[in-house]
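Below: a set of structures, written as structure tokens.
Look for chain A in each of the two complexes below; its partner is chain B in the first and chain C in the second.
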Partner chain A sequence: MNPNYNTTERELEYSLPFGPAHPGPGNFAVKLRLDGEKVVSAKADPGYLHRGFEKLMEYRTPIQNAVLSDRICVFEPLNWNLVHAQAVDELMDWNVPERAKYIRVVMVELSRIQSHIIWYGSMSKAIGFDTGFKLAFGYRDYILDLFENITGGRVYPAGYICPGGVRKDLGKNMPEKIRKTLNKINDMLSKFEKFDNLSILVRTKGVGILPLKKAIQLGATGPVLRASGLKTDIRKDDPYEIYSKLDFDIPTEKLGDSYSRLLILRREVRESIKIINQALNNMPKGNVIIPSLNSGTHINLPKGEVYVRNECSRGEGAMYMVGDGTEKPYRCKIRGPSLLHQIPVLEYLLKGSQIADVPAIYWSLNPCPADMDR
Partner chain B sequence: MNKYLEYQKENRIIRKISSKFKVEVSIQRKRRVWVAVSKKDLVEISNFIKGIGFKHLSAISVTDLIKEKNYELTYHVWSYQDNTLLTIKTRINRDKPTIDSVVSIWEDNAQIHERELHELFGVEFKNNPNLTPLFLEDWNNTPPFRKDFNWRDYVRDEFYNKENKREEPYWDAPL
Partner chain C sequence: MIINNVKGSKKMSSQILKTIVELLKNLFQKPMTVKFPHESIPIPGGYRGEHGFDIDKCRSCGLCANICPNKAIKMVKAPEEYGEKYPRLYPQIDLGKCCFCGLCQDVCPTKAIKLTKNVFLSTFDSKEVIKNPVPKK
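Coming up: the complex of A and B.
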């Protein structure tokens, strides 16, 4: 052994990249600095999925952008369809037909359920609980079947929720099919609840605690913020579409660890089922898109600016759109929830954690590199 | 409904702000208030509105007003108490885009947004501790989201070869 070899604390540190070529984080990387098993510091490294949507949208008309908005987040394209459609609706001062609003809400909540199922699945996979992963992705397919029936696409609906309404009406048997699928999702939830005594509890309880004050300071929104204890939901606080007419609860937890985020996930799926059932029961008849609007209609966005906020399944999704009287938006700013969840929140939570807990913390934030990089 | 009663909450916020500062205010609709301020008042006003409950910085955005040779910065701030979105607008010179950072007010949240805008628009945020690039790798061209950066030209020049016969159509196509 080299007599000059001096094992000071500094020298025992080493760095470990978590991603991007790793099944865990997707198109995203975290550079970890480790001291043995302990994470000393974490540095997020985004940019692997940057496509520049904000710039691309400046070159396209709203109808084209509706299709583009699918791709902002891979796991919840319909939610982002709605954010874009609402921005154009508000800028144009359009009165969207009542039936379209109901269909939009049904689709967005279905999308939220399948996104939460992915969340559960990938979380299970991350902590080495493969049964949960397979079960979740199996059940997700029932919802994808519905999407294929309604929009024509399983994952990407190609701008189904478009400015002025929705592209196509629901089929005649669709409400019945949706209800049947929701029953299956209910079965799935009760299965998930039974798994609590298994590895999930051991691996997630007390891991990655985010106190409420820190959560607000770091800009956490949506389920992550609610798991830390703030009762807030854009669907209630800043209501859009028909949410003010619907009856649903905002689930909250106090501790803010990975396990409470998992609990929020399950309870939110229950609330979404409640919302869809109400919307299906009260759905009026009528047009699903503004009658004068068809694919060839020339739309000129008037001068003005709007800021639209939506509760996406991951948190606050927002769009700032500026019109200048031409057919293309002058500026589109997209605000994705994952930008803050994956950089400041993740860096804060990983610091001081154990290396084995890194995947459990990462996936408990329900991250999506696509809506972070845009 | 009486317009005053309808916008009671919004008017209360406006009164609070305009009692302290000289600003241009407008109510767009329920829960949407817009405030235009001058560049030098930005930090002071931000500090004040955080004190009255606007704790969540939803986004910061830059609009490149190329004809007026200005950048318009918009700070979208949400209050969890009043359930209102306040947007602060301010303009800076497009050729020398420098502005004071709001990191001292909205902390890590603002830091990320400013870091993104520094990269995509080239805005210099004074006192922001870390403005390293987020998305782009080894970029030394014009900031890509500026209106005078033509990405179609850039992609063609950078990634297509004029001598390659199969890529010829890209050079003939109109931009």
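Coming up: the complex of A and C.
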């Protein structure tokens, strides 16, 4: 055998950074090692969006942390509001009013829908299907209009779901408006299905296959794990708020490729619409926050620790909080779903793929650098 | 893959037809966006925009400065020309640090601070973002 064989092979390889100054990944980079058009190895390069929330939270009171928890993930602030609020509620042993629980679920599911729409939009953009991108972001604005009416801000609700309930009641005609918007989202979904075969199928089917065994081994959660075939959802397995009273399905797919992740996305939006309609129909009257509580109330967190986990739109989002008898938490640990999706799972999927499939694989995991770096 | 076989090409042509129908439908619809500097979408009540401050209602309790998560509110003396009429400390709001959470509005016992609908706050002058406690004109 030629003794120089290995050196020549090495010379053919070259490296290509995917991000961080790229419209696709956004504040996140993957260092690719390529041989022609084939990816030989991929190394994730996180840390561009580290803001140190865990430390910042140790210097603030729970109501201030509620505002801060918006920023953990930019695409789904209300879901992270709920994770934080639940952690404080459980630590304080509070009974949240029933109406507040219903409002929380409605808002969280709306947030999940708009996050999934972003997922569809960015996925379309990544595979060169601009119509899908524009359609998705256009329809997302209808949900942002609702948030603007309810919380007072389009993207950031500023701790709308706060410890002890929610900060404001829904407006007078809000249930009707929400139902109208959901009809529009239904229209959007049927449009997505119409466009399905044309561009998306060719680019996503059979690309980035994640077998179930590997998915569990690498720590995938949420839609990514469900696309690989495991029927799991924290809303069913470990119900919080009012999810145990609601009737909804957990969509699963078998293959685990990019296309089945897209299918999961669309079916989950339909399930969320079902959940919101049920919650709106059964919403009781009453207080939306514990009556003795307002923004200025002085709270001392009791000594103890708590671990709360929720089904965020990207997977399992969790918070570990330790109280030490003062008004500020002693320790807050945030578990974001994107960390495991973006480092072990992404590196595994990219190895051996074609360079043209890199964006399709990357965006099919619904990544959020914000909640990964925290 | 799909385009290569006959069945696929039939599928493709039906897809193109569907797309043309969709295009014709959208041809007579209004655009989803507005041309921003000339017109903007209506802003609903309860929006968290610029602070409106009523100095006559203020009790100088300092709760707003305490609760502000970003420390954007500082209790300062009123400007000299109003010093005689308003001798106490009043909130000075730095809009550059503010995250518009509205906690100061919630916590104010006399409703002296109220967030308004004004969201057009971009400026070229960095001094303009600091709102001094002055009476309304």
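Note that in this section the second predicted complex is superposed on the first by the 367 of 374 C-alpha atoms of A that agree within 3 Å, B and C clash if a C-alpha of one lies under 4 Å from a C-alpha of the other, contacts with A are read in each partner's own complex, and residues count from 1 in each chain.
Definition applied: a contact is a pair of C-beta atoms (placed from the backbone, for glycine too) under 8 Å apart; a residue touches a chain by one contact, two chains touch by 3 or more.
The structure presented is a predicted model; accordingly, all values stated were derived computationally and were not measured.
Once chain A of one complex is fitted onto chain A of the other, the partner contacts of A:V202 are limited to chain C, with no touch recorded for chain B.
Using the contact criterion defined above for the overlaid structures, shared-chain residue A:A126 touches neither chain B nor chain C, since it reaches no partner. Once chain A of one complex is fitted onto chain A of the other, the partner contacts of A:Q64 are limited to chain C, with no touch recorded for chain B.
Within the superposed three-chain model, A:Y330 lies in touch with chain B and out of touch with chain C [touch as defined at top].
In the overlay built on the shared chain, the residue A:G219 is in contact with chain B alone; chain C does not reach it.
With both structures placed on the common chain, the touch criterion links A:M321 to neither chain B nor chain C. By the touch criterion defined above, A:I185 lies against neither chain B nor chain C after alignment on the C-alpha atoms of chain A. Using the contact criterion defined above for the overlaid structures, shared-chain residue A:P46 touches chain B, although it does not reach chain C. Once the two complexes are overlaid on the shared chain, A:E148 sits against chain C while remaining clear of chain B.
The residues of chain A shared by its contacts with chain B and with chain C come to none at all. Across the complex, chain C meets chain A through its residues 1-3, 11-12, 15-16, 18-19, 22, 32-33, 43-44, 46-48, 63, 67, 69, 99-103, 106-107, 115. Contact residues of chain A toward chain B in the complex are 46-47, 50, 52, 54-55, 216-219, 221, 230, 232, 237-238, 305-307, 309, 316, 318, 320, 322, 330-331, 333, 335, 339-340, 343-344, 348, 373. Across the complex, chain A meets chain C through its residues 60, 63-64, 67-68, 138, 141, 148-149, 152-153, 156, 158-159, 167-168, 171, 191, 194-195, 197-198, 201-202, 205, 294-296. Note for the complex: chain B touches chain A at residues 28, 31-32, 55-59, 61, 63-64, 74, 76, 78, 80, 83, 85, 87, 106-109, 111-112, 116, 120, 133-137, 144-145, 151.
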